[in-house]
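In the two assemblies presented below, chain A is common to both, partnered first by chain B and then by chain C.
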Partner chain A sequence: MGKYLARRILTTIPVLVGISFIVFALVSFAPGDSISLMLSNETVNVENVAKLKAELGLDRPWYVQYVSYMGKLVKGDMGRSVQFNRPVAEMIGEKIGNTFKLTIFSCFVSLCIAIPLGVLAAARRRSIFDYSATAIALVGVSMPSFYLGLLLILFFGLRLGWLPIRGLPTYDSTFLKQIRYLILPSITLGSSMAGILTRLTRATMIEALGQDFARTARAKGQSEMGVLFKHAFPNAFLPILTTFGMQFGSLLGGAVIIETIFSLPGLGMLAMNAVKFRDLPLIQGTVLVFAVCFVAVMLIVDILYVFIDPRIRYD
Partner chain B sequence: MFRKTFAAIVLTALLLGGATAAFGATPRSGGTLKVAASSLQSLQLYKTAANDITDSQSVIFDTLFILSKDDFKPIPSLAEKWTNPDPLTWVFSIKKGVLFHDDNPVFPKGTRREVTADDVVYSIEFMQKTSTAYTLGPITGVKALDRYTVEITTKTPQPFLVNDPNRLCRMCIIPKEAIDKLGEDGFAKHPIGSGPYKFKSFSPDSGLLLVKNAFYRLPVYLDAVEFVVIPDPLAQSIALQSGEIDVIKHLFNLEMADSFEKNAKFNVVKSGGGSYRGLGFNTTVAPYNNPAVRKALSMLLDIDTAYKAIIGDHGERAYGQVPPWVPFGYDPSLKDLWSYDPAQGLKILAANGFKDQDGDGFLDLNGKPFKIEIKTLAGSQVKALTILATQLREKGINASVLTQDTAVWADDLLKGNTTVFFDYSFAGTTGFHSLFHGSMIGAANTHFYNNPEVNKLLDEALTKVKFDELSSLWKKAQRLVFKDTVGIPLYFEYSYAVASKKVVDFVPPWGGLTLVSSENNVWLNK
Partner chain C sequence: MKKRNTIFSGAPRLLKVFARHKLGIVGLIALSAFIVIAVFAPALVRFDPYTMDLEHAFVPAGSGGHLLGTDNFGRDTFSRLAYGARISLLIGIVVVTLAAVVGTILGLLSGYYGGWVDFTVMRLVEVFYSFPFLILVIAVMAILGPSIFNVMWVLGLVHWPSYARLVRGQVLSLRNIEYIQAAKTTGCGDARIIFRHIMPNTITPIIVQATLGIPGAILSSAALGFLGFGVQQPTPEWGSMVNEGKDYILLNSDMILWPGLCIFLVVLSFNFIGDALRDTLDPRLSKQLK
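Let's turn to the complex of A and B:
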């Protein structure tokens, strides 16, 4: 296992270097840059912007800038935001916690919805429960998240006044208070994932319940609940775990709309604003963080396989 | 009988007095004002002209003067008065006894650190050195003449130093010790000023909490001001209706202004200011390098219909770049430069090589298909521009609107890849100079327009302190610019703020957000 982990971590390095190169090149060649944006502002101080351009090395060829950036990155320096003149690492550090909170809570919500619904749908095939679960999953996948978010805000936030319409309390943020604030954005973000996982759970459970071991368990007098959760579900769980891992990674970066609607200052919004302003160091920083998180999540999923299915071993 | 009448009169007077007090005639202390902000990533001074950042800073820091909400003329704030003994010299006298905030990492609680002329000098030099978003112009020297008097000398006369919302008006008074001790980054995390509210806590893109400065030179009624970050305009509107915030200081959606006006729980406050909206031409690219073609195109546009359909009462027709509310340069006679005369316009185009040669219903230019692509940012203007493009198509010009990402839009403009574009700026003041002076090519002058006569008038205008002299030169310059049809003025769009009815005396930001001044003092009537 140790060798496997070391190998996986080492292979991550060229992946990250490749990602950083692609992002750098794409942004460098894309039309527009942060300096142009500054200059288009009618109140701009043209001389100081020119100085800033030189200070940040933005007047050098893109490949020279890239090498310089990577040289600093190796030492842990992610550079400074062009727009805000703040260390990128600091800006990411302020936001990453919020994104993780939202993503983890969303995953929790989606699992709480998907697993029971999927198992029930599989256990009661072609019943009202099955059809209802399918319908709920379809709504979750089909409804645009911004629309669902606004509906929830209007109903639970404005009409009933039960829940806050913002994603995070700014001050006096106890754990329970933060949970309360995260309910609506987590349901919004988790609904799509819940839909996907519900359908997947149903499918894998149906397959597992049709296997010999399930029939044997029933024949030996195991209760239906026991067959479902002691025998079928552990076997059905691997594909669910894989999909969950991939969805988790995409949730990290895909929460931009949710963060905007619920005023939740996270990495998604930071990345979007960085792209809008062509703030290259900030774009690079956020993309690399997303990439590292995604790779880490997939590694954790691979490790969990070993615990869930004893047949799986890594040399 | 007399006693009964007297008692009735006394009782009525008491009731009226009580009612008057209850309805807010007397300001009440207390409460936290919650103001919506779209983005508040950093409190770094002078790095961005983003409204939310500059509005929050204007509540923390003092400035030498503010602009009047009624006529936008400068009125004293930290400065008691100022004089212009010669065209190159400005002398500011600042108020005595003004204190920087205490109870922070630089000035412990109870510290009485007075603001002096040296602080003003330092603040000006700091802005000159670090600002990318604003410029003070050619200041050659700044020095303290005594403890409360500052002299500023300029290379050329600079009336805009005090007349413009984006020059000295933006200069925040800061203590040198704070920058020395905390550094620029640290100071941005814990700003220290002498304004009516002092920094308490900041969570980037989440919220900023400011508390009352009990030692401010004017009464401060609110206990605290909280800037609550809500990026989405619809979410801001919902938050206001649910009571999570009290004020939306910049209402982006004009349709929301109408719906809030109908709601008795809110006040919609129109800002005295507004922005200039127009169509601009890149005057170096054919056929737009031909003034006759530009003129002809303007004659094909029924601008009144277009802007009224979209903006309605939320703006007014523009005939020049300077609106009526700017104290200098407004010229209503520019109206005679513009006419809706499609027949004449088409005649001029025909004389300049426009003819439908391929029979597709659209004019071609010298045998080649001709197309106008109006490049714009997203916003309320897209609808108006779409109507104008439709009008052009009806007249046989193949026109369309292309909405671009901000960075792409700016890049295309600066590189001259745009021919016809949405033109916008501050209405009047430095906006006019920035858009049309030859020296601003490569920056805000994306028309690439360089008329020596206009440049001369604008340069001379920069030397005039008296509004009537300034006005006369600007009117001449505007007439030249628009006779050349460098751009086509469309309308001035008003800006609005919406506040809960309990918020009293709120004024929409102009050159910064003013919550406490000689003209207004915000309080909450609960």
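Let's turn to the complex of A and C:
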């Protein structure tokens, strides 16, 4: 078990190095005019471009730049935002909490839809549950999230006026109030994951229910609920967990869209602002943090494996 | 003449199996309709998709010969949707082709040669997998500048890893099978073994993966268009049409309803077809799930 964990943790190192290099290359190998685009029209001249290049360290050879970039990065220094003249790390720190709230609540929403629906569909094949699960799954996967978001805003926010559609209340407001603001964004962000996981839960549960151990459990008089949740579900759960981890990346990517639509001040909106103003250090910082979050989630999922699946523990 | 056994020789039987998937057929019909509209767009529409007519802005559906009404600039919505179908379908197909070609080549090399080639390719796959790709794409578009050409190659480049993984897995299971060994002992070169003997066996899963990959590519390019980093105005792209419409959400919600519905329907039809195709080409899997 220790060996597995150590190996798994070590394999993240080349990945993290690769990520840092790509993020670095985004800016370093960018075509020259991307620098002049960072300056306002009045201040674009050869002198100012050279000055900004020197400030960002872009006038040195790329390998020197990369070493210095990495050197700063391990100390937690991601440079300063050109647009706001503030440390990038500080700005990300302020916003990341909101993105966490959004993604965690979206995961919660999608698991709450996917697992019961998928299990029910597998248990009652060709019933109304099965068909509605398939339909919901297909719609969830095929619906562009920005479209769903706007439809929800239009009907539940504007026409019916049931739920807030913009922003987030302050950190000190009540939990329930915060949840109210998160309902529409989380349904929007979680819908695609819910679709994928519903299908997967259904498929893996059907497979598990067809195995010998399920028949044995039935033969020894286990109730149908017991067969479903004690015997079949634990076996179906591992692929669900894997897919959940892999889908987390698209959830983070989707956060950019959802935060823009619902004006949620999170990491995604920060990234969009950075991109709009071509604030290169801020672009680098946000892309890096998104990728590292995803790597961390994948790592956590793999570590959870060890505790859930004893077969890995004794390998 | 001796009949050659190709990947198409089982086609009639496969068509029969495919025809049993009702949703697959529905998808095929819906998609064909979109393709017809895309190809014959210039002949089908009554109005030019770019011509503005501010006097006739927000005309309701059906009036003045505007089948689906007009947008904030008085441009005909149906014309714009029809021309938008060209863009979305083109992007979907080009992106997936690019990703499949790059991924297949790297996967073949990685699986066949193993060693450091495999190590490098697989680490690269892991690095690409660990980016929430939409964010990477947005960052690249911001730096390179948005254009339809950039959308296609950047999306293609971020989608190759899944094909590489798939093909590599196939190659690994084939590498030591007798007929490959036989080809080796008869003196076939690496290139011949890879492309003549191994690749044909990996085509089926690639086709399935690609069919299921097109809707993803269409969704991503629409999302880019919506965020303003994809195909630029005034080109009628569905995602950017929704983006334009969102400022008029209360005044005229048709402006977002129609283009969004088009994206949804095209993606849904591809998903229907992809599922049916997977069940057709991989009967083991479908038997398990039936």
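Note that the second predicted complex is superposed on the first by the 256 of 315 C-alpha atoms of A that agree within 3 Å, B and C clash if a C-alpha of one lies under 4 Å from a C-alpha of the other, contacts with A are read in each partner's own complex, and residues count from 1 in each chain.
In this section, a residue touches a chain if its C-beta (ideal position, glycine included) is under 8 Å from a C-beta of that chain, and two chains touch if they have at least 3 such contacts.
Model, not experiment: these values are computed from the prediction.
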First, second, both or neither for A:205, with chain B first and chain C second: neither
Contacts of A:123 with chain B and chain C, given as first, second, both or neither: neither
Contacts of A:294 with chain B and chain C, given as first, second, both or neither: second
Touched partner set for A:260, first chain B, second chain C, both or neither: both
First (chain B), second (chain C), both or neither touched by A:113: neither
Chain B versus chain C as contact partner of A:154, first or second or both or neither: both
First, second, both or neither for A:278, with chain B first and chain C second: both
Contacts of A:91 with chain B and chain C, given as first, second, both or neither: first
First (chain B), second (chain C), both or neither touched by A:14: second
Intersection of the chain A residues that touch chain B with those that touch chain C: 30-31, 34, 150, 153-154, 158, 260-261, 276, 278
Sites on chain A touched by chain C in the complex: 11, 14-15, 18-19, 22, 26-27, 30-31, 34, 138-139, 141-147, 150-151, 153-154, 158, 203, 206-207, 210, 246, 249-254, 256-257, 260-261, 268, 271-272, 275-276, 278, 280, 283, 286-287, 290-291, 294-295, 298
Residue ranges of chain C in contact with chain A within the complex: 123-124, 126-127, 129-136, 138-144, 215, 219, 222-223, 226-227, 229, 239, 242, 246, 249-250, 253, 256, 260, 263-264, 267-268, 271-272, 288-289
Residue numbers on chain A that touch chain B, as the complex places them: 30-34, 36-49, 52, 83-87, 91, 94-95, 150, 153-154, 157-158, 161, 164-166, 168, 170-171, 260-263, 265, 269-270, 273, 276-278
Residues of chain B defined as touching chain A within the complex: 39, 41-42, 44, 47-49, 129-135, 166, 184-185, 188, 201, 203-207, 209, 226, 228-232, 234-235, 238-239, 241-242, 244, 405-414, 425-426, 430-431, 434-435, 442-444, 446
